[in-house]
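One chain, chain A, appears in both complexes that follow, with chain B as partner in the first and chain C in the second.
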Partner chain A sequence: MHPELVVQLIINGLLLGGVFALAALGLNVIFGVTRIVNLAHGQIIVLSALTCAVAFQKFGITPIEALPVALVAGAIIGILIERLLLRRLPEHAQSREWASLLITFGVSYFLVGLSLAIFSGDFRSVAYLTTSWTVGRIDFPKAQVLAFSLAILIAGILAIVLRSTKTGRSLRAASQNLDGARVCGIDIGRMRTLSFAFGCGIAAASGALLSMIYAVNPDTGSQFTLVAFSVVVLGGLGSYAGAVLGALLLGLAVSFVGFYGNTHLGSMMPYVVFILVLLFRPSGILGKPATT
Partner chain B sequence: MKPLRASKGIAFLLSAAILASFIGASSRTAGAADPIVIGATVAESGAYAVDGKYALQGYQLYVNQINAKGGWLGRQLQLKIYDDASDGTTALTEYQKLIQQDHVNLIVGPYSSAITAAVANVADQYKMPMISPEVASTAPFKRGLKYIFQGTATSDRYVAGAFAIAKQYGYKRVAITGEDTAFPRSIAAAVPDLAAKAGVDIVFNELYPHNASDYTAVVQKIKQSNPDVVLGISYFPDSVGILRALKQANVVPKELFFTIGPAEPNFGKEVGGDANGVFFSTNWSSELKTEGNVDFTKSFAATYGVPADYHAAQNYAALQVLGAAIASAKSLDNEKIRDFLATHQVETVVGTYHVDANGQQVGFDSLTGQWQNGKPLIVYPTKYAQAKMVNPFVWASH
Partner chain C sequence: MNRRYLGLAALAILFITAALVPLSGNGYILSLFYVSVLFTGLAYGWNIISGYAGYLSFGQITFFGIGAYAVAIGTTRFHAEWWICALAGGVICALLAVPMGYLMLRLQGPFFALGMLGLAQSLRIATDTIPFTGGSEGIYLPPGANAVWVYYWSLMILVLAIGLTAIIDRNAFGLRLRALREDERAAGTLGVDTTSTKVKAFILSAIIPALLGGGYAWYLTYVEPSSIYSTEIELQTVAMAILGGMGTLWGPLVGGILMSQVSETLSTKFPQTHLMIFGALIVAMLIALPSGIVPAITERFGRKRTATQARSQEAIP
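After this line comes the complex of A and B, so read on.
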């Protein structure tokens, strides 16, 4: 076995992990505060990726240039989903979690239909930054390096915002103890809206970068939701460092199992990991055990 | 208890809807002036949606044209299409519905080998002849079925060009990968024989699952095998994915061949300059001097605003063949139509329809194309060539 090959597999795995992390962070932000699993997450990624592909092909706008716009547009979609739909659920009803799942599930189908109507079922992709930097004999694909860096950057900014700003501390308080936070005068409704704005904004931003890596059509959204969900469960629901760590481990697993085993086994890894975590460490790598 | 009541309500509504649809179906009676209804499923959503759309447009264009000319047997044609969502089980249910509930007069095949394999037995079960224009896999024709006929070139012909090119340029090492589903599997099965005849060694051979999204691992293995030729037996999204991963891993094959993904006209738009030099297989070209091809090519572009692809041509051809069978039978008699399809040759836009005793196609051929300067051109066999092939392959700089 060549040491170079092993290094390349590690790099491939870490970069793939960065892509996974980028796809998962938005989902985690929303879950952390609202305890809602946003099943429309992947569709927002895909809607953004498709828009970026058309913007690139028709007007020459690169996904990097489109990224800030995607972030804001995604945030607006998030605010709309929370304000128009989820806000209407009764606060303490036992069925709240189920109802929110059904609502985001419904939104996911709405977004698939919307994307099909606008973009048709064609697969689209952006032919930009398709080459690699080569150091020695190790390849670093540019698009993946960018996705990886952005994932780390977003996770870092989130950590700082949540620790050191008033809004961030309010968000954390709301996620830890709803009634306690409310007694302290925190506007819970505003926190929920904010988390959807962050979560969906990050999802759309990641869609911009993922458009350079994958060919997507409106039906591929659910695959992103599944991978994102596996990553978040592995890292610990609501834990940002955990999500990044989980994503990197998963990327390494797919890279090595795919190479030394086969691609079928590699593709199974997110789901194998998902089941193993649920069985043996339901709180994830860095998640705190659930307290109710 | 509220949720329970809600679910009862939904169950009631569902049963009411199902009952209503039965009532609707049984109240229909057939008359001589009624349209001839042709039923099929097509992948309008899911993984095969891109190719499925062209397949459906091929059917639609033929029906529109024939209706303008007075239809078949003096009756107008009407298509009854369901979206099978690229899923075989769904397609099977829908074909049963088309036959039992919608009482269609004729059936034609769905899109893709995997889905045709799932529905092939229906034709024999109801003794309804079914010409299937999108089943390159030969497996359904080894089941002893009597009512299904292959309306496309057989799978082994799709990659014959790849090995002919390798032989011509003296390439010795081929790495093969592809989607692990019916159509790519049937092509992969034909590869060892073709490779041996061309004097080419298979240095890597591994398929990946349907809906795979990451190809870095399989491409890393291809890189280790140091091939001259990379042959991807792939549809559209996986062709794009493998192409990207090969470029990122700095794999530079001398010949890069994907079976059908790059046959789609929008391939060049999605991968940019990297399309140039890529070989692909297709079963039709606007340049073919075949029955009605000039009219088909023009009408398709005028109707849908995009150039036709080979799926559209094959589905159009299937209805050309079925039309010939009905003209010969002078009725919708299933047995007469079946006998015609089994024994006659018919000229179509994709070539001469001709099947063997198992219903397997021996008439239609496959062509090899290559992207050059952003355009897909036929380069092999030479008698159909629009341009000379360009080798070896190089990556674009973007």
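After this line comes the complex of A and C, so read on.
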């Protein structure tokens, strides 16, 4: 084991983890407010990544230029999903959970079919900024560094919005205590829609960034749902700092296992992490043990 | 009472027709019926753990795949009879389902659903990489496949699955399953051993797809990871059970018969977009008729239902 190699793998893992963090953030926002796990999350990421790949191939639009468009388009998809499909879920908590899972499961396959119809089953990625900066003997791939920086930037902006704007505070209030928020005059219905707008917008943005790093095809969508979900689980549900830490750890795991094992094993890591965490530390790495 | 006999007569005609189909000697018709029988059987398997016990699984395809690979590996490497391999696949899945059930069923709601989804995916990736299972090139089964025998095999399993569901629908075990579906903690306080109850349901839900998967491998004469651990098969199975009515005795049958032919037509005519149509159909069903066709019909033309049945059906999403 050369020390340079290890450092290189750590760099790669952390850069990858940044984008994972953004992907997971979207899922976390939605879950926090609505208690719905959006099973179509990965498919939105992949749809966005495929669109970016084709936009780059056909029209030379870089993912960076496409990023704002993806963000808005994703937000619109999110609003549509929430408004049209998830508005009138049953009140009974158990039925509500089943219905939301099955509906987002249906939506996920709708999006897989849509992506297949538009883009076929080919793997696509964006060959943009394929060179690296070299510091000493360590490579910093430009595309990865750029994706990482933008992911952190977007996550940072989101954190500021959640912390210091009225809307953001209302969203956080709704995810901490629904009834309390309602008593304070927060329009819960609006918060639900808003959380889907944020969540799906961020998913699409992370898809645009991922298109520079990963080759994706429509079938890989559920892998990204698992990535996002295992990051959230690793960090502890609802904990944003935990999610970022979890994403970086998962990035490292994928990077190391992918190198020392093979890429297939690397792509199984999100699931392995997901199961291990749920079985041995269900509250996540930073979370407090559940009080139920 | 009359209505009950009418229903039984209709059922008898249905199965006698199904049993006579191979005599027509028409391979195309047989293949259409085989698809119906296969998917209806899978929907019954899914219905026990997800419909009755309320643990939504998006990964029962795992067991279908293990069953299929048991036949593929058994017939090529050990030169065994296919149906013995298929039975062995069922036994393997039953044994696997015990530890798997104890682990996975500790997870709830979305965690269980995604856990099973991930399990199926991981197994597909593993099958793809391990040379023993033929890797991504798959395994060609020895010649001698006979569609008629596979058809009867699947029909037999379907009948057994329906019989099993009919028993569960009435007995105490079924009542315990429904109790823990409605409120697991409350069921526990009332003395239901929730863990062993749901693990048993999980085992039953593993055996049925495993046996059907064994037949499927022999029918296809070729297995490879993406066509066996197929998300499409999983999606269709779930869609059928929802269409007919989750957690009901006749829901999977109605959903399976209605939908398997539609899906066959869709997937040949619109190979690209049929997933889209299926996804949309699931969503539309859950919004328009959340409890499924069978409960909707019984409600409207209602036989008298007992209070427990009425309550348990209302709670289905």
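The definition used in the following text is that the second predicted complex is superposed on the first by the 267 of 292 C-alpha atoms of A that agree within 3 Å, B and C clash if a C-alpha of one lies under 4 Å from a C-alpha of the other, contacts with A are read in each partner's own complex, and residues count from 1 in each chain.
Convention: a residue touches a chain if its C-beta (ideal position, glycine included) is under 8 Å from a C-beta of that chain, and two chains touch if they have at least 3 such contacts.
Keep in mind that what you see is a predicted model, and the values were worked out from it rather than measured.
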| item | value |
| --- | --- |
| When chain B and chain C are modelled together on chain A, clash or fit | clash |
| First (chain B), second (chain C), both or neither touched by A:Tyr128 | first |
| First (chain B), second (chain C), both or neither touched by A:Leu226 | second |
| Contacts of A:Gly168 with chain B and chain C, given as first, second, both or neither | neither |
| First (chain B), second (chain C), both or neither touched by A:Leu101 | second |
| Partner chain(s) touched by A:Pro141 [first = chain B, second = chain C, both, neither] | first |
| Touched partner set for A:Asn262, first chain B, second chain C, both or neither | both |
| Partner chain(s) touched by A:Gly189 [first = chain B, second = chain C, both, neither] | neither |
| Partner chain in contact with A:Phe110 - chain B first, chain C second, else both or neither | second |
| Segment of chain C intruding into chain B (one of 74-82, 182-190 or 308-316) | 308-316 |
| On chain A, positions contacted by chain B and by chain C | 95, 116, 120, 219, 223, 262, 264, 267 |
| Residues of chain C defined as touching chain A within the complex | 54, 56, 58, 103, 106-107, 109-111, 113-115, 117-119, 121-122, 125-126, 128-129, 181-183, 231, 235, 238, 242, 272-283, 286-287, 290, 315-317 |
| Chain C partner contacts - residues on chain A that touch it in the complex | 37, 39, 85, 88, 90, 92, 94-99, 101-103, 105-114, 116-117, 120, 219, 222-223, 225-226, 229, 233, 262, 264-265, 267-268, 270-272, 274-275, 278-279 |
| Chain A to chain B touching residues, read off their complex | 5, 8-9, 12, 16, 53, 57, 95, 116, 120-125, 127-132, 134, 139, 141, 143-144, 213-217, 219-220, 223, 254-255, 257-259, 262-264, 266-267 |
| Touching residues on chain B, where the partner in the complex is chain A | 3, 44-47, 49-50, 52-53, 180, 206-209, 211-218, 220-221, 224, 236-237, 240-241, 244, 247-250, 266, 269-274, 395-398 |
